[in-house]
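Just below sit the structures, each encoded as structure tokens.
Next come two complexes built around subunit A: one with subunit B, the other with subunit C.
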Partner chain A sequence: MAKKQQRRKTVQELEQPVVKLDVDYSAVDKEPKKERPYGRAYLGARSAMPEEQLFEFAEYRPQDAEKIGYSNYSYWKSVWQNFVKNKPAIVMSIVFILLFIFTFVAESISPYSVATLEQDNKSIFLLPSSEHWFGTTQAGKDYWVITWYATRVSLALAALVAVGQIVAGTIIGLVWGYVRKLDRFFTELYNLIDNIPTIIYMTLIALMVGQSIGIMAVTMIAFGWLGTARNVRNLVFMYRDREYNLASRCLGTRLWRVLFRNIFPYLISVIILRLTLAIPGTIAYETTLSYLGLISEEYSLGILLKNARDSFLRFPHMLVFPAVIVSIITVTFYLVGNAFSDACDPRNHL
Partner chain B sequence: MSQTNVQTVDFDARARQVLSQVPLLSARDLEVTFSLRGQKLTAIRGASLDLYEGETLAIVGESGSGKSVFTKCFVGMLDKNGSITGGSITYQGEDLAQYTEKDWLKIRGRKIAMVTQDPMTSLNPLKPIGKQILESVELHQGLKGKAAKQEVIRILNAVGIPEPERRYKQYPHEFSGGMRQRVVIAIAVACRPQILICDEPTTALDVTIQAQILDLIRRLQREQNMTIIYITHDLGVVANVADRVAVMYGGQVIEIGMANEVFFDPKHPYTWALLSALPQLGVKGEKLPAIDGTPPNLFNKIKGDAFAPRNRYALNIDYIEEPPMYEVTATHNVKAWLRDPRAPKVEQPKAIERLSELVKPAGTDPNAYHPHLDPNRETLVQVKDLQVTFGSGRKKFVAVNDVNFEIYKGETFALVGESGSGKTTIGRAIVRINPITKGEILFKGERISGKISKEMDTKVIRSLQMIFQDPMASLNERAKVDYIVSEGLINYHLYKNEHERQDKVQNALQEVGLLPEFSSRFPHEFSGGQRQRIGIARSLIMQPEFIVADEPISALDVSIRAQVLNLLNELKKQRGLTYLFIAHDLSVVRFISDRIAVIHKGQIVELAEAEELFAHPLHPYTKALLSAVPNPNPYVERVKQLIVYDPSMHDYSVDKPVWREIKPDHFVYGNQKELDGYAAELAL
Partner chain C sequence: MLKYCVKRLLQSLITVLLIVSIVFLLMRLLPTDYYFREDELMKFTDEQKNERLEAEGLLDPPLVQLANFYRNMIQFQVTKGKSVVKAYALDQYIGMKLRGEEIELAKGQKTQWAFNLGMSRRVAAGQPVQKVIAEKMSVSMQIGLTSLAISLVIGVTLGVLQARKKDGILDRVGIGYTVFVNAVPHLVSYSLLLILGNKVLGLPAVYKAREPVNSLILPVTCLALGNTAGYMLWMRRYMVDELNKDYIRLAKLKGLSSTSVMFRHVLRNAFVPLAQYLPYSIVFTVGGSLLVESFFSIPGMGPMLSTAIPRYDLNLVQAIVMFYAILGVIGVFLGDLLMCLIDPRISLIRKGDAR
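Now for the complex of A and B:
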């Protein structure tokens, strides 16, 4: 550090005017006129150093020549700076964060609570009013607390499934791509699972094991890693034989270290994109499963949408509120995912 | 070739010719700016140039000097994010700098054509090559049907493609790299352009093919009376083609003159440095006068002379003000303050004088130690009957076959061959990245190929290390230099505590001439030469005895190569390292190595002590390779006789070839009849 400061000082000294003096080139110009066929440097040639010093040898510092262009680069800082530039993503993230906090607050500011809701035949399908902010259901229950509770359930499920799928998919994809011997095995496994529609597995498991949301979450993870794994594997193929990986092999680096230090960082942008897209994907999938009656949960966004199926023409509030929430979640994660994966790509840094 | 100062090219006559002409094309104070993610990069900072009819002007410079961008302006082929922001290009009374895309259609291809570096990407893989040339002929010459096809066949013939009628229907993948480049040239010259811009057309090709393409370009120029701008970073190629030479640095033309003036009487300190850093001019065993540092970062505003921080002869004014162009002779201009009457007088470096006698090597340090001459020489690495194959079944490909050699402790053993010859495969087999199919590799007498014990594995990893070719690909971009350099230490836990590890990293960085504080940076902040040195530090930290250097300088800029060569030599002296130096460039190899093995198509054809190989090459392939090496002396380079190697000359059907020591330490591959011939040749 001390060396650095010292160097800076010498450069400053050089720039500091010792004596203000305009170098007059007319004397030089007079001699051979043709000498300078071109060269714009002569225009406005002015300098702040006495002429005799100008033409002395400058001190040669090899250290200066070794100096490099940029400094203080930090990967995650650059990611953040790039991400912040994407205004729609930032706006939607804020909207989503508020929505997420609100799912916890909503129940407490309402006179009702999910745990104590009871069937009330007098207040079936009430439209939104000052008493029931989101109206009521066919059972006369307050739709406000139900909607927010369902949002919480769906988000928790989505987060769990998305993280599970991506972690499993990434690990399997890394091994699949890097270890040549296992390529055949995983490819066949992939084909085997992928060629049968997932909905058939889901139905079978729902019928044989049970229809709880926990079982469905595990099933969704168990069959959902395929896409990510394949994607990761193809990327690993691109990086596997790069010279820096050969260098690691020469240095005797263990497989897991190579995978996580040399290859994984290059996949971050793709993994984050897939993670963020997996969340709205899971919510959409959960809706499908609920619609097919494969999930027996009482409340989730999927169940609410399914329940609205028969009544939304007459009672649109049944559909509108959960649908708006699903849309906000989907759009947010889509925008944020794209923005973040772009920001993670070091080619966009600098 | 024994007479050195025979002036084979009359540059003075050419100079008179140039002076009597009006420039065909003239660029003045051209400025080109690119916008890259919100930042401005000034790639060309007021470059000026005159081009005269019928000449070959070579533009030399390292990457980032703007030589390519500059000439792309002459054909209106700048990338979309770049634009000409100042200056003019006058051609036929019009200013090309003001041209719109529509205007360019009149000029591009018809008047000014371009040949680019990579023949793979400039051809359409889905169209027969005949069709691709036909398009150009139809569009620009207005010929139709039979006549057009006939013209295409004539052109194919002219660029030296055998059996043009049959080749007409073939697709690019059916052509070799050199042939493909001929096709690209055919397309470019199809419409008889007045000016042909060749942008590093031979950089991706092997030396023997390169020499042939250079010959072709020169012949076409004579036949069609074209004017050629030839862009390259290789001074040997410049010596071969150029009538005039322009040297570019930091987006400016800093020296321009007739080839003999620039080569034998350069005036700019950068040209001095560039020439004296040539390995051909170096004394074996001594340091090359390397240029420190790296080319300027054009994102920053450059004050004064861009070369100043790397210039040993920099004046104070170089840091303050940009120098003007000074006239040395009527044809020779230099942009350097050293030419100012007020500047101190400086003699050009001694090394440049050696250029005029460049037929034999510049000399060898008489005190240098040559391990192979030592009677007590110790074999460090031994390769026995090595065979490496890739793929299996029908797709099986034998990359290396029946290779035998020994490397003695303390020597630099060079493996030279063209691309695809299997030289890298051998290097990788030794460090055990590529598994071998047959034979064995011994290190200090112990087998290290195939299955080995765990202790042996650790020992081998610690004593055998590799330096890679591409400094851009050989460092993990997402890890800090600190991690990259200490990767080996971490793997074997070769340190007591964190403090010791950091010390070791900083020592290693210092040893390769980098600043210790670089350890907290990421690789992308460094230039090619610096990255290569980080790679060297990474292997040095394991304290290896033997290093496989796989083309360590071929991806580097000319000005930086000497740094890395010096470093390798320095480390060899200090640590008693042994190198396997893999290269395709014989001039570098001659400078750095004790013994040279020449490999062709997976087979080592000749192996001898470096000077012996240059003095008495026996195998026809070695002769061909030696004849093709570019020589940076224009007088010698212009008259060199190319020897073409044709593998079908060997008749191995009855008489099987063997690997034979024909004279102490000189091995050659051939059958009995050939060996007899070689022996007779040696006896002469």
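Now for the complex of A and C:
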């Protein structure tokens, strides 16, 4: 640590201008105030210089020699700087964070709560009013609390499934790509699972094991790791036989260390991208599954959208509220994911 | 090339057989009550049920059942009028021929070869499953092909225009559209479209057999919505990638006009990756779209699987799975062939199996 600090110090010294030239930069430069950090003559200033100053013998300076090898470029810092430049993604992230916090507050500021909602035949399909902020459902229940409760359920499911898929996919992908003997096996397994419509597994499991949000989550993870695993496997294939890994293996590095210290860092950007895209994917998938009657949860955004199908032509409030919330969530993650993947591309840095 | 095709198709055949076998065995995990129609379940006693199952060979070990399923896939049938009197599996028929036995025909009976996947038990009781599928297929194909044609024309054109004026107004609007379609769940965008179509244009909200054209406008639009976005997105992406290449710079330096560079060089090269998916999409129009068809209650292929499974129509499920597996295999295969045709630099033979 001390050593590192010392190095930093010398580097800071290095960044001081070594040679100060008596040149009026303002003749050629629109930003004259900016101090040129480097000792070398600023190229643009050439035209303003007297001819004898144009060339000089380079002396040997050990400090300068060291400077070439140093750059204060940091990958993640550049990723962050590039990401912040993407205005729509940032705006949507803020909206989403506010929405997320609000899902926990929403129920407590309403006079109703999900646990005590009762069927009320007198107040069927009421439009939004000061009494019922989002109106009421076909059973006369307050739609405000239902919608926010459903949002929480859907977000929890999406987060759980997305994290599960990515973790399982990454681990399997690493093994698949790294252990050659298993490649054939995993490829066949992939083809097999990928070729059978997922809806078959989903329905069979729903029928034989039961229908609950937990089982649904496990099923979605069990069949959702394929995409990530294949992506990770292809990347591992690219890096596993690079020279640094050959050297590492020759020196007797243990398998897990090669996987997690040598190869894994290259995968982080892809993994985060997949994670951000898995969340809207799961929510969209959940709406489809609810539509097919495969989710038994009482309230989730998918279920609300499905229930709205029969009534929204007459009572648009049934559709509008869940649809807007779903769209905010999915669009946010989609934009953030894409902005992040653009920011991760080193070609866009600097 | 021919050798490669044959090898590839044989491999695909094995994949299809594996898939069908696995689904077959999975379905045998279900309770045997599901082999009966709802009304039969009510009347029959346990003994009657067992007798019936025994007679149909449904109590055999699953692997024996699987073997029987494959044996009976091609049958030599003795028919009278429209009903099948007796059916021989392929190996039974060959055995009889070898032993020199003849099949005796009563008066009015005819013989025929038939492809047999069993009868539908619940969804369309008593009908051969291939007939059920064939009926649904045509509806799905109409919707699918129309929307594919629309979205291909609009999507590719818009994608080209977007790439041509990158960061222009059209490009931004196009990107906004693709983000909207890809990010917002389809159920939401279909609902919006349905409100628009139903309230403003007065189109029917669900499929009505009496006005097939009017009631298919909305489903076709919904289906085209997503496809168009897909073609726009990828067309633009591939074109932009291609535009930065050296040969394009050379073409521009030579003094070719921007239009001719776009169409003669960029479009043709950028279309190659898209071409690979084209046959797949065409073939899969037969398979229908699950969400659109169930959203608009269209009697097509799309929702068949999800209606057949909860109603335990096992023969139908098997047939549909086999159908989809074959479609998928053929689609990918044709896609690879088409890609080879368009781009002579790509060779399938050197690469070995493409997946």
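Following the convention adopted for this analysis, the second predicted complex is superposed on the first by the 270 of 350 C-alpha atoms of A that agree within 3 Å, B and C clash if a C-alpha of one lies under 4 Å from a C-alpha of the other, contacts with A are read in each partner's own complex, and residues count from 1 in each chain.
Here is the rule we use: contacts are C-beta pairs under 8 Å (C-beta built on N, C-alpha and C of every residue); 3 or more make two chains touch, one makes a residue touch a chain.
Keep in mind it's a predicted model, so treat the numbers as computed, not measured.
Visitor: Should A:Lys306 be classified as contacting the first partner (subunit B), the second (subunit C), both, or neither?
Guide: In the superposition, A:Lys306 touches subunit C alone.
Visitor: Report for A:Asn191: first if it touches subunit B alone, second if subunit C alone, otherwise both or neither.
Guide: Only subunit C; A:Asn191 stays clear of subunit B.
Visitor: Quick one: subunit B or subunit C, who's touching more of subunit A?
Guide: After superposition, B is the partner touching more of subunit A.
Visitor: Touch test for A:Arg261: subunit B only (first), subunit C only (second), both, or neither?
Guide: Touch status of A:Arg261: first partner only.
Visitor: Is A:Pro316 in contact with subunit B, with subunit C, with both, or with neither (first, second, both, neither)?
Guide: second
Visitor: Which partner chains sit in contact with A:Gln53 here, subunit B, subunit C, both or neither? Use first/second/both/neither.
Guide: Only subunit B is touched by A:Gln53; subunit C is not.
Visitor: Find the residues of subunit A that appear in the contact set with subunit B and again in the contact set with subunit C.
Guide: Touching subunit B in the first complex and subunit C in the second, no residue of subunit A appears in both lists.
Visitor: What residues on subunit C touch subunit A, complex-wise?
Guide: 15, 18-19, 22-23, 26-27, 29-30, 179-180, 182-188, 191-192, 194-195, 198-199, 205, 290-291, 294-295, 303, 305-306, 309-310, 317, 321, 324-325, 328, 355
Visitor: Would you pull the subunit B residues touching subunit A in the complex into a rising list?
Guide: Checking each residue of subunit B against subunit A gives 28-29, 36-37, 39, 46, 48, 292-294, 297, 299-300, 308-327, 333, 335, 337, 340-344, 428, 431, 433, 457-458, 461, 464-466, 468-470, 473-479, 483, 487-488, 491-492, 513-515, 517-518, 521-522, 524-527, 530, 535, 538-539, 542.
Visitor: Which residues, counting only subunit A, touch subunit B once they are in their complex?
Guide: 1, 4, 14, 28, 31-32, 34-42, 45, 47-49, 51, 53-58, 60-71, 73, 75, 242-244, 246-254, 257, 261-262, 265-266, 346, 348, 350
Visitor: Where on subunit A does subunit C make contact in their complex?
Guide: 187, 191-192, 195-197, 199-200, 203-204, 207-208, 280, 283-284, 287-288, 291-294, 302, 305-306, 308-309, 312-313, 316, 319, 323, 326-327, 330-331, 333-335
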